[in-house]
Amino acid sequence: ADFVGGGDGGGGTGNGSTGDGSSGQATTVQWGFDPVAVQNNGPAIKQSLHDNGLPDSVEVEFVPRDQDTGKARANYNRLLSAGETDPDMFLMDNGWTNIFIQRGQIQNLTEMLPEEMLSTVDNKYFSAFTDTARNPQNGNLYGVPVFPDFPTMQYRKDLANEAGYNPESENWATEPMTWKKWSNIAADIYDNSDVDFGFTTQWDIYVGTACCTFNEVMSSWGGAYFGGRENLFGPVGERPVTVNQPEVINSLNMMRKFVHDEDFGGEFSDYGGGFTPTNILGWTEEPSRAPFAEGNSVFHRNWPYSLALCGRDPEETDAPALGEDLGAMPIPYAVPESEAAQPGTGGTTAALGGWHMTVNPNSGQKDAVQQVIRAAMTEKFQLKLLEIQGWLPPRPELFNSQQAKDVPILGRYMETLRVAGDNTMPRPVTAVWGNQTSKIAQQANRAVGQEVPSEQAMQALQTSLKNTESS
Amino acid sequence: MATQTEDSDAGPLERWTQSAIENPERVYRALFYAAMLFFLVTTMFPFYWLLVLAVTPEGNLLAGSFLPTVNLFGVSGTFPLPVPKGFNPAAFITVFEQVPFHLYMLNSFALAVTTTIIVLFIASLAGYVFGRLRFPGRAFLMLGILAISYFPPAAFVIPLFKVFAGNAPVVIPFTDIGLFTAPRLLNTPGSMVLPFSSLFMPLSVFILTTFYGQIPDGLEDAARVEGTTRLGALFRVIMPLSAPGVATAAVLTFIAVYNEYFFSSIMATSPEATKWSPILGGILSYQTQYTTQYNLMAAASIVGVLPVVILVVVAQERIVSGLTSGALKE
Amino acid sequence: MSTEAGRESRRSGALVDLMRWMENLSDTQYAYLLLTPVFLLLGMVALYPLLRTFELSLYALSVDLSTTSFVGLDNYIQLFTGEKNRYLPGGTTFLPANLEFISLLNSALVLTLIIAVVSVAFETVIGLGQALILDQDFYGRRWVRAAIIIPWAVPIVIQGMIFFLMFNNNVGFATPPLADLGLLAPTNTLNDTASATFIIIVADIWKTSAFMALLILAGLQSIDRGLYNVAKVAGATKWQQFKLITLPLILPTIGVAVLFRSVQVMRIYGIIPTVSSCTVVPSLSCMVVATFNTREGVSAAIAFVTAAIIGIVVMGLILWQGEDAI
Amino acid sequence: MARVRLEHVTKRYDDQGETVTAVDDMNLDVAHGEFICFVGPSGCGKSTTMETIAGLTIPTEGEVYIGDREVTNLPPKDRGIAMVFQNIALFPHMDVYDNISFGLRLRDYPQDEIDRRVERAADIVQLEGMLDRMPDEMSGGQRQRVAIARAIVREPDVFLMDEPLANLDAKLKVHMRTELQRLHKELDTTIIYVTHDQEEAMTLSDRIAVLNSGALQQIDPPLTCYNEPANLFVAGFIGSPSMNFVSGNVTENSIETPNFTLAFDPASVEGVGVGDELTVGIRPEDIHPSAKRDEIADPSSPISATVDILEPMGDEIFTYMLLGEGETSMTQEQTTNDQLLMSIDPDADIEEDDDIEVVIDRRNVHLFDTASGEALVHKLDPVGSGGGVTGSEAESDD
Amino acid sequence: MARVRLEHVTKRYDDQGETVTAVDDMNLDVAHGEFICFVGPSGCGKSTTMETIAGLTIPTEGEVYIGDREVTNLPPKDRGIAMVFQNIALFPHMDVYDNISFGLRLRDYPQDEIDRRVERAADIVQLEGMLDRMPDEMSGGQRQRVAIARAIVREPDVFLMDEPLANLDAKLKVHMRTELQRLHKELDTTIIYVTHDQEEAMTLSDRIAVLNSGALQQIDPPLTCYNEPANLFVAGFIGSPSMNFVSGNVTENSIETPNFTLAFDPASVEGVGVGDELTVGIRPEDIHPSAKRDEIADPSSPISATVDILEPMGDEIFTYMLLGEGETSMTQEQTTNDQLLMSIDPDADIEEDDDIEVVIDRRNVHLFDTASGEALVHKLDPVGSGGGVTGSEAESDD
């Protein structure tokens, strides 16, 4: 309620009166936005902004960006370095917002936004996620989170039940299990069903392996790329490179156990294995989801969108879906946080994706932009996005709200998502991260593909990461 | 049996060989059709695969094999050819519903036509000069033009983008001296046609040089005596006589521009039809961060390829009209 | 005076004057006049950006991406000494680390040359074959022509998608038979450098043979049919006609086609990320794009080195074809 | 043996719906070693016939035989022919040496044999020292000579030559003619030759084939064609300047033409009756000034005429004369019946507008059936005392 | 006014290092309305000269004037010329109508004017009804006629015609000649014409320009060239068959040749002295059988000869005779001094291998300086009682 009724400067003119809008004085804020969201829900999102305090004198125009996040980043980079004034706002991937901050290309919001809005972000938002929109050197805020993305381990509840497990009573949804337990369950269910795959995940040579799947597994083993959590965002060159550590190698060997049932002199003999196809080596999100959605896999690691899609009622959609048979659990772990070799790792770990809104420093209408941000920060708006777009609210408390739970499909998994959200591991975005991802992904892929022993792959990675870290 | 080849009971293969020796034309014909079939199959198969993808419902795309298991007379085996998993021709309509695909096509078409005209005109002048005149510096200049095409397109894009943004002055390279500020061309055809024209120019210059150079001097002489200028002879006689070359240059340029995305994805600051984003901008919008609607992309590209096929069928009428016979006695 | 002269003067004065002025230029002057538009356009839209890009290549970005400094030719030198390899994706090196096959494939330079040689060789032969077939008169040939040219009309992204899905490990059907022949790795095919390179070459040949075919066909069509009559009467077999008449007369066209295909294929990029990734198949252009967003200076330097290498190859081709190739 | 036979060869072109008959039911039998010249007006089908023999054009109907084989559908390369094309058609990408040696190289002749033959051919066509020129660096006549050389190096069974000397000067033509004759003898080949030059046809050929509109009109030795043309077409076509034609009516003892009368006995020629319409043909050299009357064995009675135009040709003078109401000059339209062309010695003492008397050598008067064009007789029987020729009424008025 | 002048025009081609001089310091002045024929051996520079006038070739040296303008560097289209190319050069992508009307359409003539002119031109070249044919559907002669029509529709100041009738049959040639003459008069244009046909050159031209090796040899009216050739080259080139040349030595009262002697008074010709080497030129028609001696005003004394070859041409017979040791026949190499060609009437009673006596018409004997080739005299002065001619020793032995 405190958002309604004009902000600071604009109070006189805009009070939601339609008369003003038609006087031609309306300012238009251009917002570089997700193309699919614009296409499917553009008007509804706009309407929701206006419903949540955006005066009618401010028009929002969504400018769809490129679907490919890398291309979008390149595009925004060009626009900003050419001094373009449009769009006024962007949606930026938390994977590269940092680069824009480092280059000083986007508006420092600590300077631009009023204190109350800043403190809302400070206090009410997922802090690990918000951190990816801050300058690590001084903590200044450059972007306001719009939605975070946390992966979960998704599975066929029906198959689990058939195999004699009881996810409900065993509290799979919120109680992370160890990889050892999980792998035995997975192998067991796999053996007892006629599905082709026990576990589908993503292990292609692409940024997702570096930022997310490998990062998760490694982290859950207590490993990290650059020492502990405090080194995630630098300082480049001064932090250690820790990929040739045993915990990292073990995490890879565990993946090899899952895929090839290789047991490394008995080290993984009490793990289940051989239930994961080599296909994961070429899989990104969608190819790995397809067999799962068809009911052809027991477990599947993916983002919330997968829950939204696979959780649909098969009766109501042409696409394959699992409906209520879809279950979700936090990603398993190998060592608890307390035993983690690298500080801040261990336990269940969810990679962190998501998008922030940032501001074009060349924009000529920052007041209006501020009003848009204000409206977009309202809880109602965030819940609306969850409802219509499946975008998670950036505030932990909203996860628990009844409204969130009432959202169709995704509402069923809010608890699991909250656990994931509490245990995120952001990618180590720095100026050199862009050079590191492909090297990490390639070596992780080679190791799990049995092309080289994990030790060797990680040794190579250690060297090349060191190279990228040196100036 | 090999010793009694004359016998009438020779096998069919042998008979065929015999008749082939007598009539090599038949062998030639057979080889010809075999080769044609081979090329048809190899070129069309991936396209058939595209069609299979287009009509397969989206949900079925990434799971399950396209090679159905067939059961023939109790022997089950894998059918060696991919067939659609399900049948959803509606994809061809969906492509227009999801995005204004026809607008993207129009954009591409307009860009391609404009570029082709500009390129043909300018390259014709250059082709005439290089193909028919001898002057100092010729080889050097030709190599200079060719050199443009050595560079990856990425080497052009940043400075051009800054110029076309029209926010900052064009500066003399290696200095900070500003010259003038170019008009803002981003999101307009200008920002695409200009780079396309210059990047696709070298190929056309070389093609036209080759073809114009082959037109006998006698015909140009005749035209000039009849009263054309040298340029008039170029456009009235040399160009029509080089129709195969001109049409080929046109088709190659047209197709290249029609399918171009690198520059257009940059010069159109967002992939919207209203910002002159081309056909690939449209096709790629069936792809989201995680999901790819391969069926729609396939359907859209089939739709997008159609105008080109029509163009090629029309243009090849030109390409295949060998015209120089009957011109000269020499 | 004759009627003709009267006619001339009836046309508008300025234009006639201009035309007359142009006609009276010497060959050299005329040549340069007609070349003005090309060079204006190329100067504006190609040369200017290239100079600016070259300028970029002389600067390096600090580690934190915030400041740039002039480093002269350091970017180039470090490219060749291997210090810039860290900015290249995955385990890619610019020059090969050693002469093992896999190191060669991981070298952007060598890999590019390998792709170029194999693709162009196959494309030329296939394109020539296709053109010869299209040149014949047979029932329905216009449709065969269209069919053969279709691949060229397919956008690169779609071409990539076609081949990606063919070899993709969910639904791809092409890997097992080819893997049985030992041509491809049976698993993780598209992340295996050798296999992915093979597939990319095949895809490239599929698409761009049509380019060759189209150009060569045009060359074939421009041959004066009368010459074949002479050759036939002189006793030439079909093969001899081809060897002695057709081939020499289309050689200039083949030359242009090979030249441009070589140039194009050495800049191969678009198909790579769609079928596999620049990490797996690191072509030179891939390297330009991969470093484009983070290290402009390196990217610009690779672009210029790429151009220089293409330039060397082109000079080689020209020398090999003889002076009148140009 | 290189006998060449055409049997009922017809070639039609379909040209946008209408059919052009280029060769019309041609029957031709050329013996081995014969030298045949095709002559006929432009577009009459000479080249097409040659192409049919060469195998470059497949006849619409009929068969072609070379030697004792039917070759109608045989490819050109298996027919043992060499051809000089009317349009010359040198290979633009080969120099003279390569152009000439083309056919030999195809047959893998040893290099020294090729060199020898090319040199000899270049010698014959007087192109020594030009062997490394490209075709576009040569004059029209030089190119034509290359084309000839290209054919003669081959030494085939049959030569087909389509106006091989058209672009050569008179002296070179004479030289080439001699060389061709020598070759013909030396190689013992059959030669079929198209020419527009009657002198060439006369001096070279064993027989001349006269074509018109795709149909063969006459095939006979040169002098037979000249002296005994089979029909009006041949008579008018062979000989330059052309034969004079005057239409006439047969009376009981003469042929009456509008301007003069020739003594004639209808009985002497089969199929001619009184009252028939005939065409009288007289060659220009068979008309003489009356002064020379004595030198002629069987002169007609004098015909008076007015000299209209004199065309001195060096070795003779063409005298265009008007008969009848001779006042009008050539500029006005006049029927051919009123004109006669006489060829006389250059030293004759004659001026334009002179009124003169001429006589016709009756031994060389040709008569044709006007309706069918067929020749009836090529020599009028002498009539008694040279009587029976009276000037026409118009003439006596003069 | 369309006077055409060439001043010191030279054209050289660089051909792989060696220089070919196609035109060599040519000076030519063609008056307005004149009809000039270029003749000369193949490759002598006729076409190149034409191209220089047309502006298609820029001379290496010298200037070209048309009318009163210097046009050396003017483009062809501004020179007011039309040209028939030796290589025909039809536009293969245009039908006959478009080919013919090309120049008119360029100049935006009204459509009905174009139609009218094209029709008329097609009429002149006898191509009515072929206007919608494409060039490759026509015969060689038909193409050439299209090329002529394309030039004549233009009605320019100057016509340049490079062997326009080479591919036409004799009758059509005659027709075209008349038409060209009519056009020439009607349009009052200047025509420069290349031909290899001497008859054409004779009948058409006001003056003939004889070229050799790029240099102008003589430019004079046809009969002057024929009767008074400026030098050995012209004498040998003009006239068909060629003039007989016999080398001789001047004695006090005669010219002695290897096989006969001609009475001659050295004093009668300036610059000739006893002992000089001369070349005697006699045209075939100026040699007569002794029987005709009476008809000749100034006959030489009889020369005995053996008939070697007879070449009947219809209206005349070429008689190749051997002088001297006349037993050997032509097949063996023999100097030209031992041969004479005589042209006689077809009714002459002569056989091969006959031994005959011939006389030379002394009024038409030409003498040339052997060294320089320059003509000295074209008519021997009559010598008293026709004496002074004695057979050579060889002859008397015969």
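A, B, C, D and E are the chain letters, set down in written order, and residue numbers restart from 1 in every chain.
Here is the rule we use: a contact is a pair of C-beta atoms (placed from the backbone, for glycine too) under 8 Å apart; a residue touches a chain by one contact, two chains touch by 3 or more.
Predicted model, so just to flag it, every value in this text is computed and none were measured.
Of all chain pairs in this entry, the one linked by the most C-beta contacts is B-C.
Ranked by how far their CA centres sit from the centre of chain D, the chains are topped by A. Chain A and chain C have CA centres that are 40 Å apart.
Separating the centre of chain C from that of chain E, both taken as means of CA atoms, is a distance of 59 Å.
Once the centre of each chain is set as its mean CA position, chain B and chain D turn out to be 57 Å apart.
The distance from the centre of chain A to the centre of chain E, with each centre set as the mean of the Cα atoms, comes to 98 Å. The multi-chain contact residues of chain E, meaning those touching 2 or more other chains, are 75, 77, 86-87, 107, 137-138, 140, 154, 167. Taken residue by residue, chain A touches two or more other chains at 287, 290-291, whereas all remaining positions touch fewer. Touching of two or more other chains is recorded for residues 61-64, 158, 216, 227, 229-230, 284, 324-325, 328-330 of chain B.
Those residues of chain C that touch chain E in the shared complex are 1-5, 7-8, 10-11, 20, 23-24.
If you check the complex, the residues on chain E that touch chain C are 73-75, 77-78, 80, 107-109, 154-157, 187, 189. On the chain B side of its complex with chain C, the touching residues are 28, 32, 35-36, 39-40, 42-44, 46-47, 49-50, 53, 61-67, 82, 122-123, 125-126, 128-129, 133-136, 138-139, 141-143, 145-160, 163, 170, 173-174, 194-195, 197-199, 201-203, 205-207, 210-211, 213-214, 227, 229-231, 242, 244-245, 247-248, 251-252, 255, 258-259, 261-262, 279-280, 283-284, 294, 297-298, 301, 304-305, 308-309, 312-313, 316-317, 319-322, 324-325.
The touching residues of chain C, when paired with chain B in their complex, are 4, 19, 22-23, 27-28, 30-32, 34-35, 37-38, 41-42, 44-56, 126, 129-130, 133-136, 138, 142-159, 161-163, 165-166, 168, 170-171, 173, 206, 209-211, 214-215, 217-219, 221-226, 238, 252-253, 255-256, 259-260, 263-264, 267, 269-270, 284-285, 288-289, 292, 296, 299-300, 303-304, 306-308, 310-311, 314, 326.
For chain A in complex with chain C, the residues that touch the partner chain are 70, 73-74, 77, 99, 102-104, 204-206, 236-237, 277-279, 281-283, 287, 290-291, 431-432, 434-435, 438-439, 441-443, 445, 449, 460, 464, 467-468, 471.
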